[in-house]
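Below: a set of structures, written as structure tokens.
You will see two complexes here that share subunit A, one where it goes with subunit B and one where it goes with subunit C.
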Partner chain A sequence: IMFTTQVYGDNGKMKEYHYTGPVEHRFSPYSFNGGTVLAVAGEDFAIVASDTRLSEGYSIHSRDSPKCYKLTNTTVIGCSGFHGDCLTLTKIIDARLKMYKHSNNKSMTSGAIAAMLSTILYGRRFFPYYVYNIIGGLDEEGKGAVYSFDPVGSYQRDTYKAGGSASAMLQPLLDNQIGYKNMEGVQHLPLNQEKAVQLVKDVFISAAERDVYTGDALRICIVTKEGIKEETVPLRKD
Partner chain B sequence: MTQTFLNAVFLENAVLEAEVTKLGCNIPAARKTGTTICGVVFKDGLVLGADTRATEGMIVADKNCSKIHYISPNIYCCGAGTAADTEMTTQIISSNLELHSLSTSRMPRVATANRMLKQMLFRYQGHIGAALVLGGVDCNGPHLYSIYPHGSTDKLPYVTMGSGSLAAMAVFEDRYKQDMEEEDAKRLVRDAIAAGIFNDLGSGSNIDLCVITKGRVDYLRPHDMANKKGVRCVYEQEALPHQTGNYKYKQGTTGVLTKSVIKLDLEVVEETVQTMDTS
Partner chain C sequence: MALFDVSGYKSHSELRGQILGTGVGHLIDRPNQQFSVPVGVDPSGFLKSCSREGGVSIDLNHGTTTLAFTFRHGVIVAVDSRASAGSYIASKEANKVIEINPYLLGTMSGSAADCQYWERLLGKECRLYKLRNKQRISVSAASKLLCNMMLGYRGMGLSMGSMIVGWDNKGPGLYYVDDNATRLSGRMFSTGCGSSYAYGVIDSGYREDMTVEEAYELGRRGITHATHRDAYSGGVVNLYHMQEDGWIKVCKEDVSELIHRYRKGMF
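For the complex of A and B:
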């Protein structure tokens, strides 16, 4: 008597609370598991950050499921969306990286990985991987690079990009603080690592306030020529 | 038979909405409260509890809304479902109950509030999305009811409603005992709401409690601030605040495109001074 069981519909949005009309039951191969990713490129570093909450409908599957995956010593990828496709896609990328290393005797560069990912995603144009990808790493010159993708493989190189459920909340703040948009008479200082990390933490804390899918903890991966450093910051758990 | 039934059921707006939606017109979505609400009867009275998050889709619209509504001095009501529906329904019944109380020269009874609420909700055939937990203490002792949007009610010693009701009920089913002390009851309700806050995405922020006993009402808002912004909330440990960066804009950062100043020619006609009583 108390509550309806199939509370969330195919697209991940909540169905109306006391919906009593006709329902067409269809199996949906996709599910939305929430999560937000963010990548920032600096002069000689790149930061890839993601929250660690895995959710479905109104429930939480895990509070410790980071969305950043290490690909090489100089590249990290952040994947959010449907967790099943995130896992499969990262496995496929890892396999392709190994194959490239064995045939070409060197690791793939960030730009090469980005181009390859685009073809992998477009290969599934008519049954897409429901994943929002952002690659962060160092390019061949050692400068920070960020590549952002859509689910079917369209990509471009950026200085900063947010993806996932709270992307619409994070992106405008990054446009202002990193891109200095809508500000006049402000000195365009180059982004240094400490300020970038501080900004990422503050921006995620704010996203966790207003987006129900973002929270629990924040995992930050900082990519420099020395290697990849990881930092974890707790977020709201409600 | 059908004709008289339709006359008795005030559905014109609801029917219109259904027809218009069929044509493809989008009615603006009403804000829902997600929510975890609950109530428990203890030895001398009862405790009502609620979280404080209001959601619009999957975005938090209000981080600190009040879900425990006043019905009468001895009766309070928690509301889950559509925010406007719970607010207006409780206000209407509160007003009618006050008039009824003056007319009968008696303190209102919880059963009366329950009857009024269920009769109104049934009249609207579930279109008013209000799921309520009604509780109060009257001349016959403490009473707790749960009221569903279609108009059915249950009179029970402990109830939960809202999207977080399963999490809260799990806590109740584990630890509820008859004739608890006030502090135990408050702790139980606080833990039930906390279960909803941390495990249900539709509920969050703080815990509000309302303790009602004979002759006393403690409206504890907030009773527990379980989640502060930027504070590393490690359960039961001293929280370390995160040092937020400085994002203050300097004067002149927002560009001025055009400026137009219109001088208003005013002349002073009369000047009076009225001292304020600051004692």
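For the complex of A and C:
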């Protein structure tokens, strides 16, 4: 006898349950803890923002687990994916930053941190860190810089990037509002800091509405030559 | 110190040993890091097996069309700029040509991280060659270095299809190197999932005595038509021309505009 039921699976697609025979379950070293990260580069500032929800499956482990980590006075990294790997990776980056500072008597620049992170991630090419990284900071000339990575270290410099569970929802919105894509006859105004912060808040509010893994609160880190300012904004808790 | 070991940092004493020369010169300097491998599992199938459990989906940046051909006035290199992670377009303006030195270019197709890492390492080896031997490395030698790096990791799931393009004492050079350590010299290659479409276009339009402008147009058309039909290629066409005194970047044009120009009757 075949029993068939239709259920909504993890990613929103319909799943069909029917008996197919014995299935092998094996230990998976990974798990998905959700979260969305966003970074925007302006003329003389950079913004890195993340939600603070930590989830697993149908549960929420914590409502106060931000995903932005301060690396230097001019660089912040956002990491989403598997929380265990996020913690270890940031620990390793901090250790390497300290070693560099002691050997070279200066802090690492944002571009150098990005290149270093690429090789750290590629060192685990055959057993990857399940982390989607985005670095936001100021480059040597004081201009905003954003570097986005894939789990094994491929990276490039961008003006704006969204990563994590709601990235596919946020990226097109950023393309339109910051990149002025798919619009005609609109004046391309440069992005100032107040507008960028408001846009980030609006964009996360939208993400929290439609992505179950994003919500609770939003942590914004604004990087300028004066330093790093943090702001927390509440989001939907459901 | 567990964190020290796993962080991939090479200590000062190890570096000194290398500089002062402990053993006979290696063909390539061993990379600073050891690669961690999951215990007891075949590395090439490991990621796929994890991707079914509990919402975990590790998608790596992939997909491309690249092409290169030699003609009377040098070598033309044209690439698209789309990086896809699964079905999501991770980047619309990825850079798939690595400028190793003013006389050498490498293209990237397949896994973005593999290409970026190994071609950057190739760049380092070419620089070391120049410092040690006081002359620029030949295209043949550079492509062989890359090929041997791939041979060392054969069967472990790397994915890289690359063309090494340069101009050395023997004239213009074009080599195709891939993750199986295949290395082929030739006059025309195209790699990536859109390569079949590109071959159709450049095979039909190619003549050895083309003018420079005709060659640029052929390269652009090849990529444009491939992006039109292949879902995993798109973005902009980056066009390079390798000449006797080095490479120049010719143009960077959006494929949607190009396809409208070429297929006037269609839309």
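Here is the rule we go by: the second predicted complex is superposed on the first by the 215 of 238 C-alpha atoms of A that agree within 3 Å, B and C clash if a C-alpha of one lies under 4 Å from a C-alpha of the other, contacts with A are read in each partner's own complex, and residues count from 1 in each chain.
Here is the rule we go by: a residue touches a chain if its C-beta (ideal position, glycine included) is under 8 Å from a C-beta of that chain, and two chains touch if they have at least 3 such contacts.
Since the model is a prediction, treat every value here as computed from it, not as a measurement.
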*So, does A:155 touch the first partner subunit B, the second partner subunit C, both, or neither?*
second
_First, second, both or neither for A:104, with subunit B first and subunit C second_ = neither
*After lining up the shared chain so the two structures overlap, which partner does A:232 touch, if you call subunit B first and subunit C second: first, second, both or neither?*
neither
*Counting only touches as set out at the top, which of subunit B and subunit C does A:62 meet: first, second, both, neither?*
neither
*Between subunit B (first) and subunit C (second), which does A:183 come into contact with in this model arrangement: first, second, both, or neither?*
first
*Looking at the overlay, what does A:95 touch: subunit B (first), subunit C (second), both, or neither?*
second
*Which superposed partner A:198 touches (first subunit B, second subunit C, both, neither)*: first
*Looking at subunit A, which of its residues have contacts with both subunit B and subunit C?*
57
*Provide the residue numbers of subunit C that touch subunit A in the complex, in ascending order.*
3-4, 6-9, 12, 32-38, 43, 46-47, 49-50, 53-61, 83, 85, 88, 90-91, 93-95, 111-117, 156-158
_For a test of understanding, state which residues of subunit A touch subunit B in their complex under the given definition._
1-3, 7, 13-14, 17-18, 20, 55, 57-60, 165, 177, 182-186, 195, 198-199, 201-202, 205, 209-213, 233-234, 236-238
*Could you please specify the touching residues of subunit B with respect to subunit A in the complex?*
32, 34, 53, 55, 57-60, 63, 81-82, 126, 129, 148-150, 152, 163, 165-166, 197-205, 226-227, 229-230, 232-234, 242, 244-245, 247, 249-250, 252-255
*Within the complex, which stretch of subunit A touches subunit C?*
10-11, 26, 28-32, 57, 82, 91-92, 95-96, 99, 103, 118-128, 130, 148, 150-156, 158, 167-168
